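Should a chain be cited, it is by its letter among A, B, C, D and E, assigned in written order, with residues numbered from 1 in that chain.
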Amino acid sequence: MQLALVKGSVVSTQKDEMIKSLTMLLIEKVDPSTLKGKGDYLVAIDAVGAGIGEMILFASGSSARMTEYTTDKPCDCVIMAIVDQYDIEGKTIYQKD
Amino acid sequence: MQLALVKGSVVSTQKDEMIKSLTMLLIEKVDPSTLKGKGDYLVAIDAVGAGIGEMILFASGSSARMTEYTTDKPCDCVIMAIVDQYDIEGKTIYQKD
Amino acid sequence: MQLALVKGSVVSTQKDEMIKSLTMLLIEKVDPSTLKGKGDYLVAIDAVGAGIGEMILFASGSSARMTEYTTDKPCDCVIMAIVDQYDIEGKTIYQKD
Amino acid sequence: MQLALVKGSVVSTQKDEMIKSLTMLLIEKVDPSTLKGKGDYLVAIDAVGAGIGEMILFASGSSARMTEYTTDKPCDCVIMAIVDQYDIEGKTIYQKD
Amino acid sequence: MQLALVKGSVVSTQKDEMIKSLTMLLIEKVDPSTLKGKGDYLVAIDAVGAGIGEMILFASGSSARMTEYTTDKPCDCVIMAIVDQYDIEGKTIYQKD
């Protein structure tokens, strides 16, 4: 999995039947050591109710289909956790407000 | 999933039986924050009737086989949504004409 | 899928039983806008009878096992189409001789 | 698989039901020839009881679901071995204390 | 698949039950046109009895589980062929001694 920030949402009316009811969010990968955005964006299906600005974890590839929402769907990226806190070498780098 | 622009089409008469009837489009990944093409091209199967110049979402890997058109086919990239609009930090970056 | 040129062949006598009878070709990814090789090489199983110098499409990952030749084989890259022609923004970039 | 160092842990209360009880560790890929961190971080599920500072191996993609802990879970990265020692061209590069 | 050179071996006593008896080798990707190492290392399960210094082919992802040795194992990289020879544009670039 990788850390990313939720940056926005994506609207599509003309899409595959399988993903009609799912929420698609635009996420930006972050450098975990600096918390800075990498300028590398993905569009993910939200399986945990994430909001704009939240630090999340996403899973890629076939593992992105292993949530209740994404089973058998043409989805290669899913938000499967909202991050509360993480540390590097004993130092807290990120703490959710 | 990732955002890309449809740039053209690919014609092939000598291809695997499984993909004989499918439309193959040339797509270019875009930087979602600037809308500029990244010069990074892929060939995708079209599952939603996308046209040249449209902003689309594609899924990669095994998830690209999860549409009605691509099931069990040697396809690792599928267009599964045409984008109407997306925003970054509350600001609309792309809006379909 | 991605565009590549067939550059050569790979010979191996000591290989996994599952791929004993398959043709392995060395391919080089091309920049679709310039037709230049990217210096990025892969070894692919040939499912369509491609020859040296031909422009082809390859599929990666589990999708590379979705041809008659590669089913259940330890193959992560398959040539599944020989390209006749492709265009970018209405302009023909490549046309097979 | 790739070599990485365990750098920290990730805490999440709001996450997919499937991964509720699993330990998530922050890992940094290392250059095996120099033992230096690459600044490339991933979050992995721990299947072997790894600790901060340990050199580990992780598996990616669908293979990350092939441990007892990660079966059918939205996990694309698993720590499946703690490294005792490795060598390059006959020279020991890393030896666990 | 990709070309790589076997550079060393990796020892681990604390590892997932599924891979207990398998040989893990450190491999370095090579630039097929120059035969030079790219400084990009992976750890692969050996399915063909490869030795240090040998030029091999490896398969990645789920395809790495399609050998007799790696079925259903948390393995995302397998050596599935030892290379005897390969050529680029009719010129032999590599020939095993």
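To be clear about the criterion, a contact is a pair of C-beta atoms (placed from the backbone, for glycine too) under 8 Å apart; a residue touches a chain by one contact, two chains touch by 3 or more.
All values reported here derive from a predicted model rather than from experimental measurement.
**Q** Through how few touching steps can subunit B be joined to subunit D?
**A** Graph distance in the chain contact network comes out at 2.
**Q** Compute the distance, rounded to whole Å, between the mean C-alpha positions of subunit A and subunit B.
**A** Whole-Å distance between the two chain centres: 20.
**Q** Quick check: how many Å separate the C-alpha centres of subunit A and subunit E?
**A** It comes to 32 Å between the two C-alpha centres.
**Q** Among the residues of subunit C, which ones contact at least 2 other chains?
**A** Residue numbers touching two or more other chains: 61-62, 64.
**Q** Taking touching chains as linked, do they make an open path (line), a single closed cycle (ring), a hub with spokes (star), an all-linked set (complete), or other?
**A** Contact pattern: a closed ring, each chain touching exactly two others.
**Q** Considering touches as defined, can you lay out the ring of chains in sequence, from subunit B by way of subunit C?
**A** Starting at subunit B and heading to subunit C first, the ring runs B, C, E, D, A.
**Q** Where on subunit C is subunit E touching in the complex?
**A** 7-19, 24, 26, 39, 41-44, 52, 61-62, 64-65, 72-77
**Q** Name, in rising order, each residue of subunit D that touches subunit E in their complex.
**A** 1-3, 31-33, 47-49, 57, 59-64, 66-68, 70, 78, 80-90, 93
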